[in-house]
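Chain lettering (A, B and C) follows the sequence in which the chains are written, and residue indices restart at 1 in each chain.
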Amino acid sequence: MMNKQLSVAVSGQGLYDITAQVASEVSRSGIEDGLATLFIQHTSASLLIQENADPAVQTDLKNWLNRLVPENDLLYTHVDEGPDDMPAHIKAALTAVNLSIPIMQGALTLGVWQGIYLWEHRHRQGAQRQLILNIQSG
Amino acid sequence: MMNKQLSVAVSGQGLYDITAQVASEVSRSGIEDGLATLFIQHTSASLLIQENADPAVQTDLKNWLNRLVPENDLLYTHVDEGPDDMPAHIKAALTAVNLSIPIMQGALTLGVWQGIYLWEHRHRQGAQRQLILNIQSG
Amino acid sequence: MMNKQLSVAVSGQGLYDITAQVASEVSRSGIEDGLATLFIQHTSASLLIQENADPAVQTDLKNWLNRLVPENDLLYTHVDEGPDDMPAHIKAALTAVNLSIPIMQGALTLGVWQGIYLWEHRHRQGAQRQLILNIQSG
């Protein structure tokens, strides 16, 4: 039924809660029953649905993935774009480039503790990340 | 065309085969050509499509992920909900919260060896996990 | 609006760029606004969207995942189909079985540096992998 471009301001590594932004677009679409699909147009940031209650969950997720995919690993040959670039690509490959969430009674059917996050994997400050939100009716 | 809530009974860590339950809903929908999307409303259980032939594959997947994401890791600060909680969030982040499978000739287009699984990451016995199945026509 | 079966020739481990093949089907569908969903019917190969500029990114991704999920790990009990089989299942579980990409102005809304890849995890030469492409209008 529609595609909408969304922009998210980020400033360094971490999880950015975009639940309200996505929910607002779903509400504006007026669609009662359907499917919302979110797609990120980047390869060094990704999408995640995770617990929104205790911020420590987000800290632990970030620290765990940083330990699994460290910077300055001698394995990397793609090193021209900085020490955080190749780890960012690997982290993006291990997480999601798209998320699909059914819509019922005009709202996203997220579980009670589920939030939608943009996971930024690079350090640079003051960047914009681009998403496309597709909403199908039915 | 429709959204349907599904409930899956689980009892501790492991892969629960939900292929028949999903296939049955697709069949009942009467849709010949389309797209089925499954969404899980939790952050400590996830969805997976994997080999359904040799049960050893499922055992190895579970044991491998348990070794990659162990309990009682000193990195974790989110520890209030038990030693299996933060590992469950990480495992869910590394696997899928949604799956989309095309429908042709009235059936899911799964490969010969593909089964759909709910991957429970927590130990507790006798829980129910909630899914939403969205089916689009065309 | 349609489902289309696609076949991809592979010959050993690595990332196979299928962007042009998918884009061509989207173009042929004549759909201006919608959603393309790609599904792979296998459990030892998977789908990935990653950087298409520097081939070293693809080499590093492959080498990193091979180190994380090595062959001949004593943990594996599913060993009858060769040393590359169980690692292939684990790698497929950690990456994607489906991808959904919005369509705008008749084209996939991939970011500037995004390519669509089939990630083959097995060594055998001269195989065919089967995909289904679903395109929804709207």
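Quick notes on this structure:
The criterion applied here is as follows: contacts are C-beta pairs under 8 Å (C-beta built on N, C-alpha and C of every residue); 3 or more make two chains touch, one makes a residue touch a chain.
It should be emphasised that the depicted structure is a prediction, and the values quoted were computed from it without experimental measurement.
Looking at which positions face the partner, chain A and chain B present mostly different ones, since fewer than half of the interface numbers are shared.
After Cα superposition, the angle needed to carry chain B onto chain C is 120 degrees, rounded to a multiple of 5.
The geometric centre of chain A is 20 Å away from that of chain B, both derived from CA atoms. Of all residues in chain C, those that touch two or more other chains are 68, 94, 96, 100, 136. Of all the residues in chain C, the ones that touch chain A in their complex are 33-35, 48-51, 54, 56-57, 59-61, 63-64, 67-68, 94-96, 99-104, 109-114, 136, 138.
Those residues of chain A that touch chain C in the complex are listed here as 1-3, 37, 39-43, 68-69, 73, 75-78, 80, 86, 89-90, 92-94, 96-98, 100, 130, 132-134, 136-137.
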